[in-house]
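Next, two complexes with chain A in common: one pairs it with chain B, the other with chain C.
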Partner chain A sequence: MTALVPTLGRRLAPHALPLAMFAIVVAFAISEPAFLKPDNLIGIVRQVAITGIMAVGMTFVIMTGGIDLSVGPVLALSGVIAWFSLDAGAPLLVGIAAGLSVGLVVGVLNGLIIARIELPPIIVTLAMLSMVRGAALIIGGPDLHQIRGQEAYAAIGSGNFLGLPISVHLFALVTLLMIFVQKATPLGLLVAAIGENERAARLSGHRTRLTKTALYAICGVGAAIAGIVQSSQVHTASATYGEFGTELDVIASVVLGGTSLMGGNGSIARTILGVMFLGIMNNGMNILNVPIDIQLIAKGAIIALSLALSEAKG
Partner chain B sequence: MTTPLIEGRGLGRIYGTLTALADADFRVMPGEVRGLVGSNGAGKSTLIKILTGAVAPTSGTVSVMGEEVRLGDPSEMIRRGVACIYQHSNLAPAMSVMDNVYLGRQPTGRFGRVNRTRLEADTRALMARHGMEIDPLATVGNLPTVKQKEVEILKALALDARVLLMDEPTGWLSAADVTRLHRTIRTLKASGVGIVYISHMLDEIFAVCDTLTVMRDGRVIAERDIAETTRPKLVELMVGEKLARDSAAAAHEARRPRGTGEVRLAVDGLGKTGVFRDVSFDLHAGEILCVTGLIGSKRTELMRVIFGADRADAGSVEVDGRAVAFRSPGEAMAAGIGFVPEDRHRDGLMLGLSMTDNLIMSTIPRVCRSVFLDRTKVAATAKRLVSDLAIQPPDTDKAARLFSGGNQQKILVGKWLNLGPKILILDEPTVGVDVGAKAEIYAILRAQRDAGAAILVVSSDLEEVVTVADRIAVMVSGRMVAIHDADAIDRTRLIEEIGGAA
Partner chain C sequence: MTARSATFALLAFFAATFAFFCVAAPRFATASNMENLMSGFSFVAILAIGQSFPILLRGIDLSVGAIVALAGMIVFDLELIFHLPGPVILVAALAAATLAGALNGWMVVRLKLQPFIATLATLAAYRGLVYSISGRQLVPGLSTTPIRNPWITGLETYFDLGTTLGLSDWVTLPWFPLGFFVMLAVLAAFHFLLGSTRFGRSLYTVGGNPEAARLAGIDTGRVTLAAYAMSGFCAGLAALLLVARLTTATEALGTGMEMSAIAAAVIGGVSLAGGIGSVIGPVIGAFLLGTILIGLTLLGISQYVQQILTGAILLAAVGYDRILVVRRRRRLEANLAEETRA
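On to the complex of A and B.
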C-alpha cells in the first residue's frame, strides 16, 4: 500500500524486498505457528541452497547485461557425469571434479561465443540449453541412476555438520566467497564497470571479453555445483533434472534482489535476499496447503508486484 | 515583398545559468536554401529545436507565413508545415516506402482496412510532384541511404511541409549521393519549399545554399548571400575575433615546439582503408601537438588506431624508438599511452559508479595488495587526484553522473593522469566544459608537458588550438596536410588549410 503514498513509497522503495519478506514471514507465522520452528527455517535454507548457489553465479552475468538460460541442463549433466565417474570407480574428488568440469566447459563456451562473436546472450544460452539437455539425454538416457554405496557423496546433499546440513554450509561458503570477490577484488569492480559502460571499460585498458568469458564460466560452475548437491540430496542422477523453470527461479531471485536486467547495479548479498524471499514463499504456501496451481500464480504475481514496487523509486 | 515562410524574432533560451541562445533573428523565404553554420555549442541545435517546437524559447516569437504560432508544441509546428530531417533515420526499416511516407495516416476503406491501391497512387502522385522516383512497394531497410533520406523528405512533404530543416543530412552519404541529394533539394526549392541546411561541411554549404546564417556563442553573428562570401571569411566568422585576442595572449606563453627534442611517438605512413591514409608525424617529449581540422576529417579514428582500440592496415608506429602494433588499449597503456576520449558519457566514464571507482579505473593494479583491492590505497589515490585537480565537490563516493560537465571531464583526465602516461592523447578535451574548467584543464596539460610528457590534443576549437599548442597539425579528409610550429603559422593560413584550400 506504500506505493499509493508517493513520498513514503519513494523512501521505502529501496527496502521493498526486506519489508515484503518481513510482512510475509509475519503473515505465515500468524496463520501457522509451525512456520517459525527452527527446523522449518533451516529446511527453507536447505531447499533454496540449490537455486541460491546458481543465483550467486548468475548475478555477475546479469550485472554485465547478460543472462544464462542454460543452468538447468548443466545441473542435470553435471550430476549425470559425476554419477558415471563414481559408478566407474573413480575416487570421490575425481567424480566431483568431473561434474564441475561440465559447468566450466559449458560456461567457457557460452562466454566465448558471447564475448568474441558478440551474439546476444539470450540466444546463445538458449541454444546451449537445448544442446546440453540433448547431451545429458544421450549420456544418461531417460533413466534415474541410483547412487549406491557412496556415503561421502551422499553426505554433500543430506549430511549434517555442526548441526546444519552440509548443503547449507556449501551455500553459505559460495555466497561469502562471491560477496568477497564482489567487494574486495578488482573483478568485482570490473563487473560493475562492464555493466555500466563496456566501451569505456575496454578503453580503460580492461580485457572485457576475457572477463565476460570468466563470468559465464563462474555461472556454469555454480550450476554444476548445484547439480552435485541436487543428485546427492536425492541419491539419484538424471538427465531430466533442472527442468524448465529452474533458470526462471534463478533469474527471478537475482532480479528480485535488485539487479537490473539491463546491467550495471547489482549485489550478491541482495540476490541472497531474493533467493530467501522465493524460498519463504514456497515453504509458507506449502505449510498452508495452498494447491500447487495457485502457488504458481501467486509466485508470478508477487514477483511482478515486487519489481513494480522497486521500479517505482524512479 | 513576399512573406517569409518562417520567421523567428528575438529568440532566446536560457538553461539555468547558461544562455544557449540570445536574441536570434532567423527567417527563410519561399524557395530559399539557407545554410546554418557555427561550431559545436554555437546554438544551432537550440534554434532548430525552437523551430520544431521541441523546446519553447524563453523570449521571442516565431511566425509561420506571417502568422504568429504557439511555441514549444511540436504538433503545432508540423500542422503549420515545418518539418525536420534528422541526421539519424526516423523511418521504420521493415516497412514499405509508401507505408513509411503515410505512416499513421494511410487512406482507409471500410472497417478501417488500409486501401493499398490508393496508398500507392497517392505516393506515386507525391513523388511525381517533387520529381523523385522510388518504388513505393520497396522495403525501406533495403534502400541505399540516400534513397532513405528521400523517403524522409517525402514523408515530410506528405504532411504538406513548406519548411524543411535538414540537420547534417549528408553525414552518412558518399560524394555521389551528396550530389543526388543536392539535386533533390534544388527541385524542392523550385517548387517553393524553404530549406534550412545545417552542416559542418563547408563544401556543401557553398554548393547548395543561397544564403547563410552564422552562429557563435548562442548568437546570430552574420547573415550573408553565398555569392558575396568566401570560405576563409566564413571560417573566420565561425571562430570569431576573440581568437585573435587569445592567440595574442597565448603568444606570451613560452612555446616549446619539439619539446626536449626526444621523439616519443613516431607515426609513419599510417593508414586505414577508407578512413585515413599516409599519416606521418613525430611527437616529442615535453610538447603539446594539436591536431585540428573539420569534423569528419578522421582525427578521432587516427587516435583510436594509435591507442590500439582499432587496427591500422598500413604504416608503422614507434614508441621511444621501438616498433609497436597494439592489439588492445591495454597494450598501449602498458607502453605508457593514455587516451581521454571525446564522448565522456559514451566512452569515458561509468556514470553510475562513484568518482573514486572512475578515478582508479585504468590503474587498478596499482591499488591492489596481491589480488585484493586495497581500500586504503584506493581512498588515498582518489583524495590526491581530487585535490590535484580541484574537483568540485570533493565527495569521492558520489556517482560520476552527479558532477557538472567540467568536473566530469576533470575526473576523466585525472583517471589518465594517475597512469603517469609518457604519451597522453586527448580527444576534444573541453567540449561542453565551461570557461573556468577549460582554463584549469589547459593548466593541467601545460604542467604535464613541463614534466616531460608528450601530449597529443585533437581539437576542432581553434581558440583552444592557438591557446595550448606548441605545434599544430592539420587534417583534411583523412590526410595530415601540414604541421606547423604554433608561432610560425598565421591564423588566416591555418583557417585556409583547415578548409582544404591549400
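On to the complex of A and C.
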C-alpha cells in the first residue's frame, strides 16, 4: 500500500480529476441515457451555478492558505436584504446593490480581522458564520418571504437568454472575469506570491494585508451574488438559506479542483472542473435514485480519496 | 502569563459572569436552573475535552457532531431492533465512536490529509452512515418508541447530594446529574493522562514542534492517531448522555456541535498554534458558554442575538490567545537579544 500509492499517485495525480470525471460520465450515460440529453446537461450547470459562483470567489482565499466558512449565512442575508429593499419599493439595481453590499461588508470584516490582527481564518469565519446567521435571523425572522411582482428580479434566477438560463450566463461571466483577474492582472500574481510565501511577498514590498482583505471581500461578494441568484430562482428569501453544509460543498469544489489548503497552487479554471465534478456526481446519483445516505458517504469518500492522491503527488 | 495563571484568569472571568447573571437574571440562581446548566452542558464539556487533543496537535476535528449521531444511532438500533444487553450496547457505541475518531487520525497520518479536510470529509460520510443505519427508517413504527433500557436511561439519574450530606436544612442545593460526574471523571482521567504520563508529554511535544518531536524519537503518527481516537471516544460518551436525556436518537443529533466544542476549547485556552492548553480550561469554557447562553435566555434576549454573541465570544477568545502568543514571542526575542549581547 505505502509503496503503491506514491508511484500510482504521482503518475495519475495531474489528470486524476478529468479522468475520474470522464469515467463517471460514461458510467452514468450507460446506465441512464437520459443523462446525456442537452436539457439535463444544461440543468447540471444551472444547478451548480450557485455553488460555482461561491467556489470561484473562494479560490483566491484558499490559494493564500485561508478559508471562508461564513459564505452560507452571507448567501441568506444578501437575499433577505435584497428582498427588503425591493419590498420597500427600491429600484431593481438598488436592491441588488444592497444585497451585494452585505457580502462586501462581511468579507472586508473577515479580511481585516484575518490580515490585520492575524487571527486564524477558520475560527474567524466560524465566528462570523454564527454572527451573520444571527443577524440574518434578527432581520428576516425564521419565515420565508415571497418575492412578488418583481419580474426583472425573478428573471435573474429563472429567465432565459440566448437559449441558456441567465444564472448560467452569470456563472460564466463571473468565472471569465476571475480567470482574467488571475491571468492578466497584478492581483492574480500577488495571490500566487502570497500563497507561495507570504513573508517573502511582504518583505519584497507587496501590500499583502490589503490584498488578503480584498480577497475575502471578493469571496463575500461571490456569496452575495449566489444569494441573489438563489432567492430569485425560488422566488423567496429566507434567513435560513445556505444552511450548514453549503460552505463545505464550496470548499470541496475548490479543493477537488486541485487548490491546496496550504496555499500556493490553484486556478479558477480548475475550480470549475471541481464544481462540475461534484455537480455531475450529484445529478447522476439523483437520476439513478441513489439514496441520500449513500450520496453523503460517496461524497466524503471521493473528497478524501482524490485529495490523498494529489497529496501523494507532492 | 503562564498556562496556570491563564486558567485562573478564565476561572475568575467565569465567576464574574456567573455572579452577574445571579444578580441580573431572574431565576438564574435557582437549584433547578443549576440542574439545567449541569445536565445541558456536561456533554458540551466532554466534547470540548475531546476536541482539545486534535487542537493541541495543531489540528481540528469537525466530525464530532456526526460521530455523536453515529454513536447515538448505534444505541438506538442495538436497543430497539436487536435488544442487546445494556453493557454491550454502551461498549459497542463507545467502540464505534473511538473507531470513527481513529479513522480520522489514520487519514491525517497515513493519507497525509489536512485535519480540516479529513474531518470535513468524514463529517459528510459519518452523517451519511447514520442515515443508512437509521432504525427509524429501517423499521417502521420504531421512531416513536422510547429507549427504556435502564443501563442507558440510568445515565440521566440525579443525585440529591444536599440531603445526603445533610446540607439541605441550610440551603436548597441542586440535584446533581450523573452526566456531571461522568464529565468530572473524564476530566480527571484525561488531566492525569496529559499531565503525568509519557503519552501526555509526547502530545505536548508533537503539538509544539512536530519535527523536533520526530527527531527526539517520538512516534508522532501514533500520538496523532490516539489524539483523534480520544476525540471520537469523547463524542461517543457525549452521545450516550444525550440519548439518555432524550430517550431516543435522531439522524440530526449533534448537528453543529463541533462549533460549541471548538469554541469551548479555544475559550478554555487551548492554543490553535498547538502544544499549549489543558483539559480543565475547555471544561470551564463549556460552562462559561452555558452560563452566558442560559443567562441571556433568562434575561429574555432572543436566541438570534445569542448566536451573534457566541460568535463574538469566540472571536474575543482567539483574539486573547493571539495577544498571549505575541507577548510570548516578544519575551523570547527579548531574552535571545539579551543573551547575544551578553
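The rule we apply is simple: the second predicted complex is superposed on the first by the 304 of 314 C-alpha atoms of A that agree within 3 Å, B and C clash if a C-alpha of one lies under 4 Å from a C-alpha of the other, contacts with A are read in each partner's own complex, and residues count from 1 in each chain.
Here is the rule we go by: contacts are C-beta pairs under 8 Å (C-beta built on N, C-alpha and C of every residue); 3 or more make two chains touch, one makes a residue touch a chain.
Since the model is a prediction, treat every value here as computed from it, not as a measurement.
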### Query
So, A:Leu119: does it touch chain B (first), chain C (second), both, or neither?
second
### Message
I'd like to know which partner A:Ile138 touches here: chain B for first, chain C for second, both or neither.
### Response
second
#### Entry: First, second, both or neither for A:Leu189, with chain B first and chain C second
first
### Query
More residues of chain A are touched by which partner: chain B or chain C?
C
### Query
Where does A:Ala200 make contact in the superposed view: on chain B (first), on chain C (second), on both, or on neither?
first
### Query
A:Val255 contacts which: chain B (first), chain C (second), both, neither?
second
### Task
Kindly list the residues of chain A that each of chain B and chain C touches, one partner per complex.
none
### chain C-facing residues of chain A, complex
67, 113, 117-120, 122-124, 126-131, 133-135, 137-138, 244-245, 248, 251-252, 255, 261-262, 291-301, 303-304, 307-308, 311-312
### Query
Of all residues in chain B, which touch chain A in the complex?
307, 309, 328-330, 332-333, 339, 341, 346-353, 357, 361-362, 364-365, 368, 371-373, 415
### In the complex, chain C residues that touch chain A
60, 107, 111-114, 116-118, 120-132, 134, 255-256, 259, 262, 266, 272, 302-312, 314-315, 318-319, 322
### Task
Spell out the part of chain A that touches chain B in their complex, as residue ranges.
184-186, 188-190, 192-193, 196-197, 199-207, 264-265
